[in-house]
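In order of appearance the chains are A, B, C, D, E and F, and numbering begins at 1 in each one.
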Amino acid sequence: MDSPPPQSFALVITGAPYSSQAPQTALNFAEAAIRAGHKVNQVFLYGDGVHLASNFASPPSDESDWPALWRVFIESHQIPATCCVASALRRGLLDETESRRYEKTGANVTAPYAIAGLGEWLESTLNSSRTLYFNPDH
Amino acid sequence: MDSPPPQSFALVITGAPYSSQAPQTALNFAEAAIRAGHKVNQVFLYGDGVHLASNFASPPSDESDWPALWRVFIESHQIPATCCVASALRRGLLDETESRRYEKTGANVTAPYAIAGLGEWLESTLNSSRTLYFNPDH
Amino acid sequence: MTDRRFLFVIDTAPYGHWKGREILDMAFSAAAFDQPAALLFTHAGVNWLRSGQLPDAVQQKSVSKNLSAAMLFGLEAIYVCQESLDHFGIGKPDPGLELVVLASTSDLEARFTDVVRL
Amino acid sequence: MTDRRFLFVIDTAPYGHWKGREILDMAFSAAAFDQPAALLFTHAGVNWLRSGQLPDAVQQKSVSKNLSAAMLFGLEAIYVCQESLDHFGIGKPDPGLELVVLASTSDLEARFTDVVRL
Amino acid sequence: MPQLHLLNKVADHPRFTQCLNQTHAGDSIALTESGVLALPTGIDWPEGVVIYALSADLEARGLGPLELPPFVHVIGYEQLVDLTLSTDKVVCW
Amino acid sequence: MPQLHLLNKVADHPRFTQCLNQTHAGDSIALTESGVLALPTGIDWPEGVVIYALSADLEARGLGPLELPPFVHVIGYEQLVDLTLSTDKVVCW
């Protein structure tokens, strides 16, 4: 039997690392999807999920570094990754552009993440076979 | 009747702004305590509560800026304010010292917050009449 | 790409939690991009619909203006669960809102391709 | 300053949630500073005590080593709610832990000046 | 020893029931944040327990006198501060 | 139209019951994260609904075959990916 044709996913992460399991479940799912020959069209960080994009996260060396693991995964598979601008600004996640606009002293979001609006979520949803929401379990 | 002798509080905030109501309830409580002549010995940010210390938070101009309101309150009443180091590092909240130690590109925690360990929580708890925990409502 | 129909479910209480606001933003965004989209308020989420809310008291913004303009924004409908209204003692929800009150929500979700909860 | 006695209550499930780890850190910290402190596992929190956990499977650290050294760290006791163990089908919790199983936890909290939940 | 329970959870949150089960006659419960939403639902409050509710949270959520059971004491932050000091022990949920 | 429900909540979370009430015969539930803790509690699963559980989350929590009801299908991430694609619609709780 032939394997089924490849399909595509949009993944929305709404739980923060070190507070929920959402980023790790999403990563394991995304890796399995790609191993099976499917495509991940977009990773969209929303609500508390935007904390996954923080460049400043510095977990203890004997714990998984979820922000780093996600960055490596996104870069190695060249997956478009978006941090929702409204969620990010309220929660103190800024790229260089937003940092200048709000006259802050630095930035904690860089590539591979882009800060953008919900249009990215909607567009990737419309272009994907399935959109999955990785919410906190609490 | 004479008013009761002043007492003191340690306040622990474990809910993040723009995710829970904990920081705003805690602020209203703290203001009322000080108006009544009591003392706030310490504000201790723990768990997701450390996000309240972010200098980078940039909420829309028509919404309350909880990190800014808290900073003003802490400074005007000279309240010791601590961001738990273990919670902060995992979540990407860094002062200059921690930023250098972890070789990051900037810092998002400054005075009036100090990054320190649970000893601060315990000491202020032992020296206060009451310790209140402002947890998220979910 | 098949035609999509979005149902956004708000089942969490207002003000203590940002999820309700965030899912509303998604709903308005979907509608703004001309996607068929509706809202469902259920369980503790029906407390968003009580009349006489004064969120200024907790230094927050009201969403009732946004909700009352939902149809203008292009949302198809705002559904509400009758049982949840009864449970929370909401005899008459905010009269400024055009609500479709449902005795049962169990068949509603089947009419949408994308059911979104946060 | 009166003498304080701390009870740290863990009522949330492991791995999906960081609250359990964070309250453990508080308990160990209180004990390290020679404060009378005990732990109570109840409701979904008893799932921290099941034997045979392999948190490597979700790339997390185990806390059972810390818990089994709790007495060395100076904690007075680890209390567990029997009803919660039964509910979650935990016939025999981790044999490496010194647990005080309580038929009822309703009087326990009265013996502590500071009852801490996160 | 009377306790004050600070309860900010919705009634269907597991801690809400836990809190009610941990109260004894003579205790007080102060409802804050989403905790106040339990008031119009007609739940069984424990006997001999005084129920307070924070006025700011009631107002925000549109809960006026008509929605509240008669036994509830509506308080401001000032009275909440007093309560935390006049009760022997405060338990935060 | 069969649906797959991704359920990661503990059984006493309000959404757990909501999910069970929204399933119809022919649907599937995939338990992940803390959702798997419901398996040894002996709850009434809806009739005609297939129950899956993610092996990584079972292992982490010490749930072996002896703790699981016989009708549960233990799956890996690969099978979870397949399930999300082979079911008409996925609902995330």
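The rule is short, and it goes like this: a residue touches a chain if its C-beta (ideal position, glycine included) is under 8 Å from a C-beta of that chain, and two chains touch if they have at least 3 such contacts.
Everything quoted here is computed from the prediction, not taken from an experiment.
Contact with chain B and chain C alike is made by A, E.
The minimal number of chain-to-chain contact steps leading from chain E to chain F is 1. When chain centres are defined as mean Cα coordinates, B lies farthest from chain F. Of all the chains, the one whose CA centre sits at the greatest distance from that of chain C is D.
With centres defined as mean CA coordinates, chain F is found 27 Å away from chain C. With centres taken as mean Cα positions, chain D sits 33 Å from chain A.
The residues of chain F that reach two or more other chains are 8, 10, 12-14, 33-34, 56, 92-93, listed in rising order.
Contact with two or more other chains is made by residues 13, 15-18, 43-44, 58, 60, 116-117 of chain D.
Within chain B, residues 18-19, 21, 47, 63, 86, 133, 135, 137-138 each touch two or more of the remaining chains. The set of touching chain pairs reads A-B, A-C, A-D, A-F, B-C, B-D, B-E, C-E, C-F, D-E, D-F, E-F, using the touch definition from the header. Residues 18-21, 24, 62-64, 136-138 of chain B are the ones touching chain C in the complex. By the touch criterion given at the top, residues 6, 8-10, 13, 32-35, 56, 76-78, 80-82, 84-85, 90, 92-93 of chain F touch chain A in their complex. Against chain D, the residues of chain E that register as touching in their complex are 1, 14-15, 18, 21-22, 89, 91-93. Across the complex, chain C is touched by residues 14, 46-47, 86-87, 117-119, 121-122, 125-127, 131, 133, 135 of chain A. Of all the residues in chain D, the ones that touch chain F in their complex are 13-17, 43-44, 47, 50-58, 60, 87-90.
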